[in-house]
Every structure is written in C-alpha cells, then in structure tokens.
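Read from first to last, the chains carry the letters A, B, C and D; within each, the first residue is number 1.
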Amino acid sequence: MLADRSTRVIVQGITGKEGSFHTKLMLEYGTRIVAGVTPGKGGSQVHGVRVYDTVREAIGEVGRVDASVVFVPAKNAHDAVLESIENGVRLIVVITEGIPLHEELRMVSYARSRSVTIVGPNTPGLIVPGETKLGIMPANYYKPGVVGIMSRSGTLSYEVAWQLSRSGLGVSVAVGIGGDPVTGLDFVEVYDKLLKDPRTKYVVLVGEIGGDYEERFAKYYSGLSEKKPVVAYIAGRTAPREKRMGHAGAIISMGLGDYESKVKALQESGIPVARRVSEIPTVIQSIASKQYF
Amino acid sequence: MLADRSTRVIVQGITGKEGSFHTKLMLEYGTRIVAGVTPGKGGSQVHGVRVYDTVREAIGEVGRVDASVVFVPAKNAHDAVLESIENGVRLIVVITEGIPLHEELRMVSYARSRSVTIVGPNTPGLIVPGETKLGIMPANYYKPGVVGIMSRSGTLSYEVAWQLSRSGLGVSVAVGIGGDPVTGLDFVEVYDKLLKDPRTKYVVLVGEIGGDYEERFAKYYSGLSEKKPVVAYIAGRTAPREKRMGHAGAIISMGLGDYESKVKALQESGIPVARRVSEIPTVIQSIASKQYF
Amino acid sequence: MRLLEYEAKQVFREYGIKTPEGVLCRSPVEVKEAVARLGESVIKAQVPVGGRGLAGGVRFTSDPEEAVRIASELFERGVRGYRVDAVLVEKKVCVNRELYLSVTVDRSAKSIVYLASRLGGVEIEELAKKKPEEVLKINLDPFIGYSPFVARTIASFIGLPPSAWGEFERIAVGLYRIMIDYDAELVEINPLVVDCGGSLVALDAKILVDDNSLYRHPALAGLKSRELTEEERSAREKGFTYVSLDGYIGVIGNGAGLTMATMDLIEYYGGKPANFLDVWSGGGASRDRVKEAVKLLLENPRVKVVLVNIFGGMTRCDEVAMGVRQALEEAPVKKPIVVRLMGTNQEEGARILREVGLDVYEDVDEAVRKAVELARG
Amino acid sequence: MRLLEYEAKQVFREYGIKTPEGVLCRSPVEVKEAVARLGESVIKAQVPVGGRGLAGGVRFTSDPEEAVRIASELFERGVRGYRVDAVLVEKKVCVNRELYLSVTVDRSAKSIVYLASRLGGVEIEELAKKKPEEVLKINLDPFIGYSPFVARTIASFIGLPPSAWGEFERIAVGLYRIMIDYDAELVEINPLVVDCGGSLVALDAKILVDDNSLYRHPALAGLKSRELTEEERSAREKGFTYVSLDGYIGVIGNGAGLTMATMDLIEYYGGKPANFLDVWSGGGASRDRVKEAVKLLLENPRVKVVLVNIFGGMTRCDEVAMGVRQALEEAPVKKPIVVRLMGTNQEEGARILREVGLDVYEDVDEAVRKAVELARG
C-alpha cells in the first residue's frame, strides 16, 4: 500500500495548531515522524520532533524521507507541496482545505509528471490500521480488517469506518482522496492499489455529488477482468443543483455529477449502491455469503 | 536513425519563400512530404503538396505524420512546434533562426517531457544520404558513406560533408543540432543514435565556442565502454570573449565555453581534434588504418 | 462565485471581446429610455443563477411602453427566487451564426480545457452527450497553457473563414487570460455569434470564479453574498457553510459529506431537510459554534425539529452537548432537538443532554427516524 | 544585449531590490558635486562590458577634487575600448557580508537556474570549479518556475537569519520576474551585500537581454548598437553580422561557423583576421550583399587583403562573383581579393572573377594560404 510502519514521514506546517495536535496523535499511533518543517522555526521541537526551516535541510539532517503530511495554510500549501516534490518526497498527503483551484491544478499535474503521489488536498489523509496513519482521522474507529475505504468525504468516511469496525469486518486501509474538484488520486488509482493489497478483500467507495470520479470508476471497473467486490455509497441525493455543498468539489454544475447519474453508472457496472451508510456492512456480508471460495 | 525514406513528413510554413523552395528540393531528393501547413492558406498547393490550415486537419486528411520540418518565422515558430507536439508528431526539425531564448526553453523542455525529438532550432536539419533529407543542406555534397556528422554549425557542416565525400569516406547521416544556446538534441543524444546506426563507422563532431556541449560529450564519451571513433573540429579559436559570433550560442561568457577548454576536454577523452577541416578525413583514415578488424 | 452577466461582459470588453450595445438599468424608467433609444431590444434580468431564460428573465421588445411593463414585473417579482436589482437592455443583434465557446477545468484530465461547437445556444454537456462529433474539446497541457494554434484549430473546426481568425484568436486568448487572471472555474460565451456584418459578438457571458481564490480578488469577494438567500447570508456571517432547502427538519452536521448524508437519510425515512449546515471548522466543533448553529435553526420558522449529527472523531462530545444545552436555554423558541453523538467523551455528552430531556443517540438511523417522527408530530 | 549598470539598477529598484544611494553623472562637474554631497564614494564608468574594475573603471574617493580628476580621465580615455558617456557615483556602503545571487539559463539542463553563494564578489564559475560546496545551484522546473521555497532554500544555505528572509524572498522573486519580463539570459547581483544595518543591497547589477527577443523590447533594441565599435555599427547597419578583430585580413564568409573556421585557418597559416563578417541571410548570399560586404572591407584601412569564403550550397556562385566584381569596380581603394567559391555555377563564377584577374579557389586551405601570402607581400 501507500504506506506502512516503516514509512519515514515529515510534517510540513508542524508548528501550527492543527499540525502540532495531529503530530502528537500520529506519533501516538506509531507513525514514524522523522522531522517537521516550518520556515523560520528551525531549531525548535514539537512533541519531540525536530523542526527545520526547509525540506532540504530536514533531509540533509535526517536522511531519507518517504512522505510528507501537509498542514500548511491554503495560501502557502502549493509552495510547500512543490518544495517536497523538488526534494524527492514521493508521497504527499495534503490535509489543507481551501487551496485555490488553479494552484491545485498546477501542483497535481506537476506531481503526476514527476510520478509523485498526492493524497488530497482537503483530505483526512490515509490510515493503514495497526500500521501507520498519515492524517487526522480518529484512529479508534478504524479496527484492522478486510475492507478498503476510498472516500471523497472526511467525517462521512469515519462513519463508514466505524460501521465496518463494529460489524466485525474492519478496515484494511482507508484513503481520503479529498473533497476538492481536482485531487491527486482518483478512485481508479486507489482501487488499483487496493487490488494489490493482500489484506483488502472488499472495497467501499464513498462518493458524493459533483464531478465524474464515480462514473469514471464505474466504467473502469466494468472493464476489469480481475476485481475485488465494491460497494458504493453516494452522498448528496437531496442536494440542489448549482449550490456548493460545503466541499468545493460537491457541486452539480453544467449538468455534471448528479446523484442519479452516479448511481446508474455504478449499478450498471455491477456495483451495489447502499442507500444508507448503515447498510454497507450488510451489503458486504451478503456478497461474502455468495462467494464460494 | 531519426528518419529514412519511409518517414512521412509535413512542412510547416510551406508557403513562405524558404519553405516553398526547400520543399521542392526535399521532394527532388525523395523525401516523403505528405502535406504542408500554413494557417489561412488551406486548400492551396505548393509543388504538388496540399496545404492545410492546421496540423490537426492535415493529419485528419493524410493520416499518420512522423515528422515536421518547420520554416515558420521566429515569432510564430514556438506555436508551430507546440501544435505539432500536441498533434502527436514525434520528430520536429526546426530550421527557423532567431527564436527567443525563453520560448526555446519552453518548447525544448516540453518536447522532452513528451518524448518528442526536436532537431534545432537554427539548424540545417538532418540528412540520411540516399534515403531522405529533412532540411536545407545542399544534398550534392553528401555522398552516402560511413561517417556520421553531428554539428552546431550550418555551412561549416556542408564543408565537412564535402571533405568527407571527396575523400571517399562519405556520410552516413548528418544532424545539425543547431546554433542556439538551447537545442533539442545535444551531442550525447545524437551520438547515442549514431552508435546504433549500422551504416555509421566513424563520427565527426563539429563544435564551436560557447556553451558546454563539447565538454559534456567528452565526459560522456570517456565513460562509454563501447564506442565508435570520434574526430572533432571546433570553430572559434580566434574569436574574442563576450562577442556573439553570429550564432546566439557562439559566445564565450562567464568564463564558459572557450576553445581551449573544449579541446582539452575532448583530447583528454581520447578524441583527436583536427586543427583544420581539411584534416578531418586524414585523421579518420589514420584511425581506420590502426583498426585491425 | 458567479459574476452577473453585465459584470462578465465588462470583463469581456476589457479583454477585447465584443459585446452588444447595451445599457444597465436600475429602474423601469431607465429601461424605457434605453429601449426608446436602442429600438428592437432584449431585456435581461441580472441574477446570479442559470436557467433565467426559461424562468421569464429574458424578454424581447421594441416598444418602450411594453418595456416598462416587463421591467416593472422583473423588478417586482424577481427571477428564480432572486431579487432583480438591475436589468441589462441590449440592442438586438442581427445574427448570422450561433457558436459555442468556453474555457473550463477538466476535472478528470486535471487540466484547463476549451470546449467549442458550431452549434451555439445549447447546453454543451447535453450536446456532448447527444452529438459528440459536434463538440471539439482541446485540453491545454498545464505546462504550456494557451498557444495560438489552439484558437486556429478551433476556428477551423467551427468553420470560420480565415478572415475572421484574427478576431477569433483575440477572443480565445481573452477567455484564457480571464480564466487565469480571475481564478475562474468557467468562462463561457454561449452563444458567440457571427453578426450580419461578419463580426464576432458575445451575446451572453458567464464567468464563475473559484471560491477558494476569492481572497486574491477582494473586489469580487464582497459580491459573493448576493448568491445567497437571506437565510444563507446570516448563517454564513456566523461562519457556517450553509445552504437553504425547502423542508422542515433543521440539519446540523460536521463535515460536508456527513451533513449531506444526514439530509439524504432524512428523506429516506420520509422527512424533508430544511437546510445544510456544516459546523466543521478544522479544529472540530466547539461549544460556541454548536450553540450558534442550533440557535440559528431554532429561530428559523420553517424548521420544526432540529437534528444534530456529530461524528466527531476528535470533537469532545461534552463540549457539543454543552453548546446544544446553552442554545436551548438562550433561544426564545422551543422546538424538539434530536442529537446523535459520537466521539470523545460521548457518554458524558449524552448525560448532559438527557438531563435536560433531549433524545440522544449513537446510531444515526435511530436519530433520524426519531427526528422525522417528531416533525410529523 | 547588456544593460549598463545604472539601467540594470533602475530595473532592480522597480522590482523592489535596494541599490546604494547614487547619482548618474555626465560631466566631471556633476561628479564633483555628487562626491561632495555623498562623501566616501565609488565612481563607476558605465560601459557595456565586463572586467571594468581591473581596467580602472571603478574608483574610490571622498575628495571632490580627486573625483574631478578621476572623472575627467574616465570620460577622456574610456574603458576597455568603450567611450564613457556617463559614470555612476554611489555612496560607499558599509558592508557586513558579501553574497552572490543570480538567475540564468542552464544550457545543459535546459532550464532556468539560481546560483547563490555566501562568498560574493568573485566570479561564480571560477568559484564553482574551485569550491563547488560553496555554490548552491537550484534548477527551476520549467513547468513550475519560481516558487517561494526556492528563496527560502537559498536563504537558509547562505545563512541569512529568518528575520531577513522576507527581504531576500522579494529579491529572489524580483530576479526571476526580471528574467522573464526582460527576456534575460542572466540577471546577476554580485555582490549582494548585507549592509551594517542588516539590509540587503545590490552593490552591482548585471542584466543580459536575449538578442533574439529584442523585437519584443523596442526601448532596449535601440540600445543594442552601443555595444558595437563604430566599424561594427556601420556593418550591422548594412545588415551583416559583424565583429571587429585586430588583424589585417578581411574575412567574408557565409554562415557563422564557416566564417569562424575561416578566421581560425588564417591564424593557422600565420595571418591575422581583421574581422568576422557573415553574409548569410537565410536565402543564401545575393549579388548585392556580397558587393556591399566586399566594399566595406576594401574601405577599412586595417584591411590589407580581402578573403571571401563562400560554401554556398544553394548560393549561385555566378551571383557571388558578380557581386565581388562590382565591388572591385565601384570601390575607390584597390586591394588584393582572394575568393574561394563552392556551390551552384561554380565554374561560371570562377570564370567571371579570373577575367578581372582575381585568384579563385575551390580548396579553402589554398585560398587562405594565398591570402596570408598576399598580406605579407
């Protein structure tokens, strides 16, 4: 998967309120945070993690860095992401919300051209229960298990994780692709990674209105010869058109991205769509009971 | 090699004076020119070649296009090159001289990111004697033979070709990498292609003052385990510092790119440097006489 | 954020794109004078929302008296729920051909894209589905952006004569520059017409500015609020992400997805949500924010029951509970409140609320069913 | 094209980069007044060429009378062969540290590159060879260009305290913007100093503008000619690429490489080239251009012999020959001319020239040897 307990992580924006708080929680979870970066705060410490002025310095001191978790405010996040890319970091989890659209475009396209993975922006991050957490999700609702979650929402994916955990299925890995119109990863790419993950037996797709990530995933899925079963849930059935529902990405505009289109595409590709979050474990269990291996 | 008689070529800027003239000469040489492009001149003909308004239209009509030869004036050349790249042309020979530096940077970097080969700008193009010619060199001085020429100069490379042709060695392929500070190909890349070309037994490098293409080639060459013999000639021994000698690329500045540095680097890598163009065939023949296979 | 048509057209003109001769009018008298001067005219209500034509917001006349009647009606009744503060009166253009041209963001390709068609005046996404061969889509490489060949390729596709290419290139590059300079999500001309004199004119103009970029455009940021209903405006002033809906169960959630899912669940169980209200603010839902949110909904006359759905993760449920309780104490109106709590100190939170007689649930389905039931009351 | 120091510093100031207090002076009297006002000063000759310090073009004084003497000398004698029209008088800066910062084009990486060092005032290429660990090189991805982290990385490398980072970022982004806005090949501050008050000041300023881009900068294009000697200027006015050298054999070639090679061959055979003149003009060398070129060299008093080396390819040698012959007829001065001809109608060209008694060769070595011999003669 994207990360495990050996992944060496830096936190950009570590001295901010959120950055500092979640650094503590990630450390408690066992995430291997090797350095923090905040320009001008070099030399200080946050929960025992040494802070550097630049990513270059941090790497110069601590050696290899595999991933960065970015809490830098929206105005400067783009610059922070580029800094990590230019310094060879291969996985960048961008928690920051509210990054301008054209900067997202630039940073996401650039990351692709350099084969760097961006998770987010506007994501709770990713967690591999029992291994590591690069994000802000409440880890106690994620019991290790067999279901991979890929989600455009934050708190809604915690709800899903909790439903799966209390049902006994548990979570193998959860990736928040992010709530913005342009994200580093889409469902297709995350699913590809989940296919290769031995712990993952089932996949839950948590979508929402707006964009066409769900439709494109449905199309991709129907063309696969080998697959793991997917159950979907789509938020926003009752949302009006042309109103932005909190997330910049959750807006039905120019006739694109309404609930019906997504559900139709998923169902036609053989993906059951749960009407309620609480149905998800049941749907998975019914699939499980039909599998004869 | 980069091209052969089956290469399907378009000419951009075909209706201009130079474009039209050299289209005629290329056709006479046997170059397979399948279409011409000049915006606003669609529907006309140049020496029997149909002209289109856009590359997209041309490809829509004539099908696959492998290469483009660009005669478009300096102000619009950048746009013409991007148009070909975006329409899937994989080899672009840019004859145009005087393209602004920052536009060269953009188009060359972009071509690299898309794995498209740019020959030039400010090049006479390339010729594979007896096969095809994508350029403006006088073909009658290029007799088919065993020596590959890679050159930063135009007319000087014709002189070299003629010396090789009249000495009986002949030319296997000649590539003008271009006289500007930033070019699509450098000597290293051309040499790599010449190494794979079965007709090429020897290579002549025609360099000039300015930049560090020659030094970098020398370094690369000395690290190769398998090589074909190279003879170099460098123009500009008597050129003063900080004066641009015609070519934008031919200027010694910031202590970079003087004659002595280049000759030293080449000689230390085991590459003989001819003091006169007319010596080149003799030097090659003396190398040949020492080869026992 | 959507610019009004007349604002977008002003931007167009600054970027060298022609628009019809017209006058912005703020009263029926001004409209009358404008029509008297312009002759055959179109009167267009300036509202920050699409679908205005079908809703009667675009009207034709050459009679100044009729113009007064139309204008009075528009100013009085509004269009699609929006007040009309101004109408744009434009001289009717003699149209030869209608085209479509826009620049927007292709979310899938993650790049800027030009969309063009020789069929103007239609919704482009519909057209792209029904007659894909009529829509040209040119994705700009993010590295390169716009280059003039893009305009030529489009001009050739939509069949403009080379004599019009220069003018078309100016329009195409104008759209791109607006896209970048205004941090836009969409810049659209629909229809772009060839008038009877052969000139290219933007009959309509649409510019959507990315909300996340508004901080870089202070002049526009101030205009944002006009897209909102009164209800939304006062909620946003309190710092909540808020959307009015037409139901009767007030919804408070934390996180956009969870809040939408809560709305959907209300409908699933036969109720109707009155709003979307996300209390999320990065650090979790604080006592004061929850209090303000609950008070806001209690005071909303459309709301019969308030449903609070907090899946906090980090959020301290005792804090949330205190917020709800304080709202209950402070609000003059008494309405049933149903709370779903999940997160740190969940038990303590439930205790605080049960003390004052509220229904508290851990299971979201139960909470929603209860709220729907209470609303039926 | 190189901007003069004072021009480059004016650009710097427009981009928010601090420069020392100073006055541009065009006469010794102005210099005197400036030094009287500024106190300890540096007087710098404004010439479009480097190496001015070693050539006595940069002088220090606090004495107004001495300043007059220095200025008079600079205005009278010039520096490195260039006339001095103006000197820049600057108040001496109290220097705490000297740094190096530039933006230029990395030809190998084909990208824009920042070069920085904590050791200012030295030639950066020399430093990079001798102490590579003292030079930080940051290549900008052409896709991304400048982003603020670049400035922070440099500031941290050269050891600026975080309190100075804001100021340093302004300078770093300023250099990048100048690079782009002015189509520059190089924008350099050497040295960039930390003054005794802790401010960052550009003591020197160098901007090289790409000649191919001058058409986009009409104000600068007019300045280009001042880099040229009188001789070069009149040759360029005729449309030739021309560089003056200090020898006595006039060289005409077609193509830059071939012309340089001809110069080199002259030196190889013991002669000295008087110039570089490339008659190439895209379409080949026409009769008129050749005639003008030959006349130009015949009229140059330094030139003893004219050597024409045409490897035409497409060029018609009879045309070239006619051009040479006409020049010979029209020029008042008679000097030996040696011609090497290669190309279409070569024999006819040779015949035309031999008719008037000129030496014509196909072999370039022979032609050059003959020219050298005649020059000695």
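Assume a contact is a pair of C-beta atoms (placed from the backbone, for glycine too) under 8 Å apart; a residue touches a chain by one contact, two chains touch by 3 or more.
Remember, it's a predicted structure, so these values are computed and weren't measured experimentally.
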Least hop count linking subunit A to subunit C through chains in contact: 1
Approximate Å spacing (C-alpha centroids) for the pair subunit A, subunit B: 48
Mean-CA-position distance for subunit D and subunit C (Å): 57
Rounded Å distance between subunit B and subunit D, as computed from the means of their C-alpha atoms: 27
Multi-chain contact sites of subunit C, meaning residues that touch two or more partners: 142-143
Two or more partner chains touched - positions in subunit B: 106, 109-110, 113
Pairwise touch network: line, ring, star, complete, or other: other
Pairs of chains, among all present, that meet the touch criterion: A-C, A-D, B-C, B-D, C-D
Residue ranges of subunit D in contact with subunit C within the complex: 142-143
Subunit B-facing residues of subunit C, complex: 141, 143-144, 147-149, 152-153, 156-157, 162, 165
Touching residues on subunit B, where the partner in the complex is subunit C: 39-40, 42, 53-57, 76, 78-80, 82-83, 86, 106, 109-110, 113
In the complex, subunit C residues that touch subunit A: 49-50, 104-105, 107-108, 110-112, 123-126, 142-143, 180, 183, 185-186, 208, 210-213, 215-216, 241, 243, 245, 253-261, 263-268, 273, 276, 278, 280, 282-283, 311-314, 342-343, 363-365
Residue ranges of subunit B touching subunit D (in the complex, touch as defined): 17-18, 21, 25, 74-75, 97-102, 105-106, 108-110, 112-113, 136-138, 141, 151-159, 162, 179-182, 186, 206, 208-209, 211-213, 216, 233, 235-240, 242-248, 250, 253-256, 275-278
